[in-house]
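So that you can tell them apart, the chains are marked A, B, C and D in the order they are listed, and the count of residues begins at 1 in each.
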Amino acid sequence: MSLDRDGMARVIARDIPDGAYVNLGIGQPTRVADHLDLTKVVLHTENGMLGMGPLATGDHVDPDLTNAGKQPVTELPGAAYFHHADSFAMMRGGHLDICIMGAFQVSAGGDLANWHTGAPDAIPAVGGAMDLATGARDVFVMMTLFAKDGSAKLVPECTYPLTGLACVSRVYTDLATFHLTPDGVVVTETFGIEFDELAKRLDIEITRPR
Amino acid sequence: MSLDRDGMARVIARDIPDGAYVNLGIGQPTRVADHLDLTKVVLHTENGMLGMGPLATGDHVDPDLTNAGKQPVTELPGAAYFHHADSFAMMRGGHLDICIMGAFQVSAGGDLANWHTGAPDAIPAVGGAMDLATGARDVFVMMTLFAKDGSAKLVPECTYPLTGLACVSRVYTDLATFHLTPDGVVVTETFGIEFDELAKRLDIEITRPR
Amino acid sequence: MSRTRVSTAAEAVADVSDGATVLVGGFGMAGMPVALIDALIEQGAKDLTIVSNNAGNGDTGLAALLAAGRVRKVICSFPRQSDSWVFDGLYRAGKIELEVVPQGNLAERMRAAGAGIGAFYSPTGVGTLLAEGKETRTIDGRDYLLEFPIHGDVALIGAHTGDRAGNLVYRKTARNFGPVMAAAATTTIAQVRSIVDAGALDPEAVVTPGIYVEHLVEVAA
Amino acid sequence: MSRTRVSTAAEAVADVSDGATVLVGGFGMAGMPVALIDALIEQGAKDLTIVSNNAGNGDTGLAALLAAGRVRKVICSFPRQSDSWVFDGLYRAGKIELEVVPQGNLAERMRAAGAGIGAFYSPTGVGTLLAEGKETRTIDGRDYLLEFPIHGDVALIGAHTGDRAGNLVYRKTARNFGPVMAAAATTTIAQVRSIVDAGALDPEAVVTPGIYVEHLVEVAA
């Protein structure tokens, strides 16, 4: 069976080591938090916090405390607040272990395209995506492997405008997990599809783990 | 009568407007604080504080609370602490109104020499002098007008290594106060010496206020 | 003990001139100084350049300023949101100029303005559309873009508490751009929920020292 | 909840290697992590490059490390003091290299290292001996020098209290270079007066977030 969104979030959470400092991008990646032990993994949100807790509900909603997606969140013991320049200094300086983002396309070489469709009438909006792509030590992408029109999103070269060059280290999808290594794209697991079938449907070369 | 050190400090204090943010350099300039109303003028010390109070004595000495000269000082209501990068950002960013420093030499064009005698065996040590010279909106120099060997310290061009270019706006000395203006060096007051005598002893052109 | 004045919102924004660059704090509505923006709309300054993370949400605050036709250009990281219909309309009608800046570069460019840094090399944006026209340089094998400071004539920010010396503390993630903008603008106006005497804030916990704040405007939460 | 470990001074410095660049906090003795320096002397690493505001005072702390012959080079703003006889002797004997950096450039170069900035333009030092060999650039009519980051392999800093998440608070002007160095080094070791549970420090008042701290060493004041 291919993974649903929750299944993808669970697989990513499994691969985040204890002690890691992690930034979860806006949208789907926030689901990863549901599967993490937040006494062991510390969440960063670029709007100025380490030690972010789960989404806030009911009386715990505080308009002064949100994640980067502007959803109300909570604070865990050991949290710290800081301003935007300090928050992005932390990111740009390579102090975050992992960030997880969605993508329109990822290239086999690790280029990321996730901020702009390239449509001429689109209003460009980049947020912190380029900073995260460039700054985090490891960038994990979480996305469906194929777009609605059936085209693969893991591609030889991105055709959408780039967010960052050679920055993605792993791509977690509904059908397989890919590690982008100096030796090529390694499929570490598949979900409801055979390796050979996967290889046939992609325009990039993939290998099995040695 | 020419001014003693305390007299010079008093004259400088008189010229600091209420509401000013001021940094007092190491050594003689710290005496200026004795003549300021610190409920109206805010002292900055580059080792990370605004709202510094007078020198600490007796039981008030705290090794964690010193000025830039490493003397124990006190904290006034409304004080704030910050780290070194923030402290020098404040200085470099032009937020301090006035800094007061000693000098070996000042040129008529406002060049400052106060960090290095140029002696070949001297150990160079600059501290925050160049940062202050460049960063404060106004740099006031406090010094005797003549060196022990009788040579003037307000000169056409500095012969000692420079701390900063065209940064000094006023020179407060034991014999006179000089404003370095785009129109030249204006003597605003003299102490125990006639203007003509002063003009004779200096190698620079000086004028009376219009 | 400082120059910081306690003002009404109208007094604080009285001197904002046409064509000014105005830094507006907030990340979405957290830290957004709505009362100050309302006063600026009332005051009437036009042809403004607004620097802010977003380009307005809903119909209030920054969105209302845009709707009033006072803004010539927006410099921000993320204009397009589910509730940015005011900006979207102006942009599609060609009535507003947009400069999109990656969020961290936006923060650092304002930080540089406050800190007297002439320019800096950032790795963010290398190889992307947003690198167009920027100088690049390779340092220790890594590529960087040269980024210049963004100074404000005025900053409008939201904070939690101010003391009479002008010191500010913020609350949770509403801190965001406030401290950076306070230092980057010639005149900083802080909307606070309460004003206390100098000495009432812990000097160790002050986030924005009073030297950066010209006006405190008390607006109950 | 973090990677920060509570260690003895000896454990914390065990991995410092010969030739390492070590950032040492403190302004004079305020914030100087004497116990960590003593442990480093004991540990024996040599050919060190030390980055610190001063070059040792009296015969303890940094001065003792210098006296032990472990330091190849000092990068600092103010080596010459009334009680810097250890450094003075080594320098005059040609046994130690010195790079003098204006104090604000020193702080900003370390800040740049921690913040991933490739280089920056500073106005400080233009037209002086310390500008020799540096690139200059005129930006908006003002001259600047190009300054590069100073990274540390290790930072030894002094703070007041640390929590088990690694968050640090400092006390008064003993804060000085600590927060900047913590972010600029690969491994940061903080000597603190007490260690408390995560949650015991006010998250609004944390100065150095735990992400920057690898070891906490408790040393009673």
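One rule holds for everything that comes next: a contact is a pair of C-beta atoms (placed from the backbone, for glycine too) under 8 Å apart; a residue touches a chain by one contact, two chains touch by 3 or more.
The structure displayed is predicted, hence computed values, not measured ones.
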Contact-graph distance - origin subunit A, target subunit B: 2
Contacts common to subunit A and subunit C (chain labels): D
Of the pairs B-D and B-C, which shows more C-beta pairs in contact? B-D
Taking CA centroids for every chain, report which one is farthest away from subunit A. B
Here the gap between subunit B and subunit D, centre to centre from mean Cα coordinates and rounded to Å, is 28
Go ahead and note the Å separation of the Cα centroids belonging to subunit C and subunit D. 32
Separation of mean Cα positions, subunit D and subunit A [Å, integer]: 34
What positions in subunit D touch 2 or more of the other chains? 108, 111, 115-117, 122-123, 170-172, 204, 207
Residues of subunit B that touch two or more other chains sit at 75, 81-82, 88-89, 91-92, 135
Identify every two-chain combination in which the chains touch. A-C, A-D, B-C, B-D, C-D
Mind pulling up the subunit D residues that touch subunit C in the complex? 108, 112, 115-123, 137, 139-140, 142, 144, 148, 169-172, 202, 204-205, 207
Residues of subunit A touching subunit D in the complex: 19, 21, 38-42, 44, 50-51, 75-82, 88-96, 135
Subunit C residues touching subunit B - in the complex, by the definition given at the top: 1-3, 111, 113-117, 163-165, 167, 183, 197-199, 203-204, 206, 209-212
For subunit B, which residues are in contact with subunit D within the complex? 45-49, 62-66, 70, 75, 81-85, 87-89, 91-92, 116, 121-131, 134-135, 161-165
Touching residues of subunit C toward subunit A in the complex: what are they? 27-31, 53, 77-81, 87-88, 91-92, 98, 100-105, 107-108, 110-111, 122-130, 170-180, 207
